[in-house]
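So, here's a batch of structures to check.
You will see two complexes here that share chain A, one where it goes with chain B and one where it goes with chain C.
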Partner chain A sequence: MATAPRIWEKLETIDARIIYLILWIVILWPFIYPIGLPVSIGSYSLAYAKAIDDLPAGSIVVVSFDFSLGGLGELYPIAIATLHHLFTKPVKIVIIAIWSDGAIVADMVLKDLKPDQPPYNRKYGEDWIFLGYAPGGETAMAALGKDFWSTLPTDYYYKKHVSTYPIMQNLRSANDVTLLVSLETGTPGADEWVRQWYVPYKVPMIVGCIGVMAPTVAPYLAGGQVKGMLPGLRAAAEYELIIGRKGLGVASADALSTSHMVFVIFVILGNISYFMRRRSK
Partner chain B sequence: MSLLRRVEIPIAITIIFALIQVIPYFVNMGPAVEATQDKVVRWTLIVSTGALLVGLTSLLLIHVPRVTRRRTHWEYSLLLIAFMFLMTIIGLPFPELNLGLTGYWFSFFYNNVLTPLSASLYAILAFYITSAAYRAFKARSLEAALLLISGTILVLRNAPLGTFLIPQIADLGDWIFNIPNMAVNRAIMIGGGLGAMVLGIRVLLGYERGYLRGGE
Partner chain C sequence: MSVELFGVLLGVFFTLAVYTFLYRENPYSRIAEYVFIGAATGYGIAYDLDWLKNQWVGTWSKTMEDSILFVLALLLAVLWYFRFSKRYFFLYRIPLAITVGTYIGLALRSVVFAQVIEQVRSTAALKVVGIDPWTAFNNLVTMIIVVCTLAYFTFTVRQEAAFWKPVNKFARYAMMIGFGSAYGYTVLTRMSLFIGRVQFLLGIPPNPPEAKMFFPWVALVLLGTLLGYDYYKKTKK
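Moving on to the complex of A and B:
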């Protein structure tokens, strides 16, 4: 009879390295042997895609990279898919960064997508522009809302004054922006954009964020300030399926499933061992 | 007391510049006030850029003594200082030398050192969280049980396999996300907003002096 409690005790104090190893295997396994589980599409992802689909031709869309390298795992697929979607629409795209690393991450995404080449063939300075990093956090958002030209006077790639680019002729303040896309991992992010762009200028926005940020963005969805949201890797997979361009999101969906399932199994096991040990006492 | 050390001066500066920002946000004060507001915003941007220099100095003040006095893990401090200067130098805007943010060397170090390191650091969280959840995520009380159940449902809702095996989990997860979560987050936001407002009023009235090196 004494062996039974010992088993539960042992199970409860299992070596963390065993958990790490099991998790490592279940994350890696689907990348080598994909399972191809179906991904059901949620309403937030549909709303995110619809906000882009509904843009009238010639609209100005500002895409802000408000994240650093830490968020790359979840936000890179979202950034790639969002920019792909935008570049296939007849809209003008202005890319900025409120986080210092955001500009470099945006550059990585743009180099991967190559908007100047087929299938996009979008002309730099006319159809899209990359203005780089605006320092100052929320203050920079407020300054951009008032005046783009003086806040980010030159572009990121050629360091030419923005007034020399045709795309910037119709963009002076947030009043000229049809949609704001914020890809973010924290502060400054949605809260600050709502304060500085939605409240004074009524610029609608959509948000791509890491999974843990979803609860904080959710109230803005219900309030109508945020039109759509892609929280984390699962949402990235859903969005890729909506726009018909399978990428990193879909590729990671199986690993997401297996790792989450193992997490749940471990939580259940931990609780069973806890209750069994308590009962045996 | 010397005029420069008087606490009233920074308080007066704070009040004046805060009012320049706050009043035009709510009331149309005409072009002159708006122009002043814009100018102050631009000053803030310049000051925040200058803060990078403060950060750099602060890091050096912490890590240089660690290296010179050979304190525990001084090697990491040396690595930090070396890479800080390396990235600063190769980030200087000299495109003819392949330097600058879009230059070869900056991209090389960024893509091959910083990117994998940051991604790995973030990825390690998954391992720690699973291990920590196994040990600590227990239904020890009614509140803990509720948190455990709702957390598990949301984890399952986020996994494609979860919604594939139990389709109802999607609706249940959405309900938890849209109703209880939304209500709590709204309450936090409203509470935080009210708190920020009170803090702002206290700063404007000169009661809050924490930003003046601790206050009274």
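Moving on to the complex of A and C:
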């Protein structure tokens, strides 16, 4: 019986590197040997998909890449799935970035999807356009809401004035936008978009964000300012299942589940160890 | 080796170099950290300059008045760099004041509507009758939590009466659950970031498949040198 407290003591002071090693193993394992754990679909993801499904033909949708390369792990699958969903709808898509790295990520996503080619066959400048990065954070959002042409006067790929593209003829301010899609990791993000686009122009908005941002965005869902939200990789998997295009989100679901199981086990062990040590004292 | 392949090799090296920090702080993780900061700063500056060029060509070069305004704005922007001068530090305060003032002005015009009125309205509009029992229960709990948590932060009234005790206790528990939920999402984010890098290392599409080839070798070199150095230091003592 005398050895019992020592076990709990050891558990509490376990070398963090052992935990890291276990996490490496449980995350690598499902990629090499997939388990196929089930993914249930939540109401946030359904609302996000519905906001896109309900868009009338010819609507103008602005997709803003408000994240840096650090957010790729969670937001790349969301960005791919969202743009795939949008490119299959008869809507006009305007892509922008409020974060400088956002332009790089948007370029990566567009090169991956190839909207000009089958199955999409969407024409650049007519059906979609990429306007690049607008610096200034919240001030850029406010300026875009007021006037797209002067805030982003040229497009990203060909550096031609936006007035030369047919898609931009019907887009001068936020009043012309039917839906705003913000893919984001923080500030500037949902708070600023709601302040600069929802309050003055009442532009409906959906948000794809990293998991840690979910509690920040959730009050806007309750308030009706945000119509749908995809918080993190787990939500990306749900959304991929809704739109019927399995990608990185679904591929990551197993690893996400196994890593969280290990995490929960460590939390339980830590708690047991704490209470057992306290009891032995 | 082609440029693309070299890029993938660098990607694998820097990914693993960052994670060697988990073993201990070492030159690999330091190099990765500094290169990342340098590259991110470089990208930021390049994109900002590109935007300035586009603004000049697309909008501000059309009339003399606009051109003067553009140059004045640039001169104002240069004042930021007086942050590094002890003598002319006061000049740095001019663009700082303009920026802070602009941001506050922009936020103030809508923050009350965006983050207070809509939330109050939606909470007040929650229904507890005539809907399915689960939603009704959920709405009731939300209402109680909102009222109790707001009461907890009401400092203008001395909370000495007996009924404050359970209200405050309930508010504390509610907030703890909220913080726990936020922490859970934080874990999800960290794991997801890690999973993203693992997908890259394993060359899972759309990541370049060559990464899978480099991964074990680079990992072996990094771990081998770190463990080898530590072993050498230990035996030398």
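The criterion applied here is as follows: the second predicted complex is superposed on the first by the 280 of 281 C-alpha atoms of A that agree within 3 Å, B and C clash if a C-alpha of one lies under 4 Å from a C-alpha of the other, contacts with A are read in each partner's own complex, and residues count from 1 in each chain.
Everything that follows uses one rule, which is that a contact is a pair of C-beta atoms (placed from the backbone, for glycine too) under 8 Å apart; a residue touches a chain by one contact, two chains touch by 3 or more.
Bear in mind the structure is a predicted one, so any value in this text is a computation, not a measurement.
Undergrad: May I ask you to decide whether A:D107 touches chain B, chain C, both, or neither, giving the answer as first, second, both or neither?
TA: first
Undergrad: Is A:P38 contacted by the first partner chain B, the second partner chain C, both or neither?
TA: first
Undergrad: Using the touch definition from the top, say if A:Y20 reaches chain B (first), chain C (second), both or neither.
TA: Touch partners of A:Y20: chain B and chain C.
Undergrad: With both complexes superposed on chain A, which partner does A:L72 reach: first (chain B), second (chain C), both or neither?
TA: Both partners, chain B and chain C.
Undergrad: With both complexes overlaid on chain A, does A:P135 touch chain B (first), chain C (second), both or neither?
TA: both
Undergrad: Where does A:N271 make contact in the superposed view: on chain B (first), on chain C (second), on both, or on neither?
TA: first
Undergrad: Please identify the positions on chain A that touch both chain B and chain C, taking each partner from its own complex.
TA: Comparing the two interfaces on chain A, one with chain B and one with chain C, the shared residues are 16, 20, 23, 27, 68, 70-73, 103-104, 134-135, 137, 139, 142, 150, 159, 200, 211, 214-215, 219, 222, 232, 234, 256, 259-260, 263.
Undergrad: For the complex, which residues does chain B have touching chain A?
TA: 25, 38, 41-42, 44-45, 48-49, 93, 101-102, 110-111, 114-115, 118-119, 121-123, 126-127, 129-131, 133-135, 137-139, 148, 152, 155-156, 158-164, 167, 170, 174, 177-178, 181-182, 185-186, 189
Undergrad: So in the complex, which bits of chain C are touching chain A?
TA: For chain C paired with chain A, touching residues are 22-23, 40, 43-44, 47-48, 50-51, 54-55, 57-59, 102-103, 106-107, 110-111, 113-115, 118-119, 121-123, 178, 181-182, 185-189, 191-199, 202, 204, 206.
Undergrad: Quick one: which bits of chain A touch chain C in the complex? Just the residue numbers, please.
TA: That would be residues 16-17, 20, 23, 27-28, 31-32, 68, 70-74, 76, 80, 100-101, 103-104, 112, 132-135, 137-139, 142, 150, 152-154, 159, 161-162, 191, 194-196, 198-200, 210-215, 219-220, 222-225, 231-234, 248, 251-252, 255-256, 259-260, 263 of chain A.
Undergrad: What residues of chain A sit close enough to touch chain B in their complex?
TA: So the residues of chain A in touch with chain B come to 12, 14, 16, 19-20, 23-24, 27, 37-40, 42-43, 68-73, 103-104, 107-108, 134-137, 139-140, 142-143, 146-147, 150-151, 156-157, 159, 200, 211, 214-216, 218-219, 222, 232, 234, 237, 253-254, 256-264, 266-271, 274-275.
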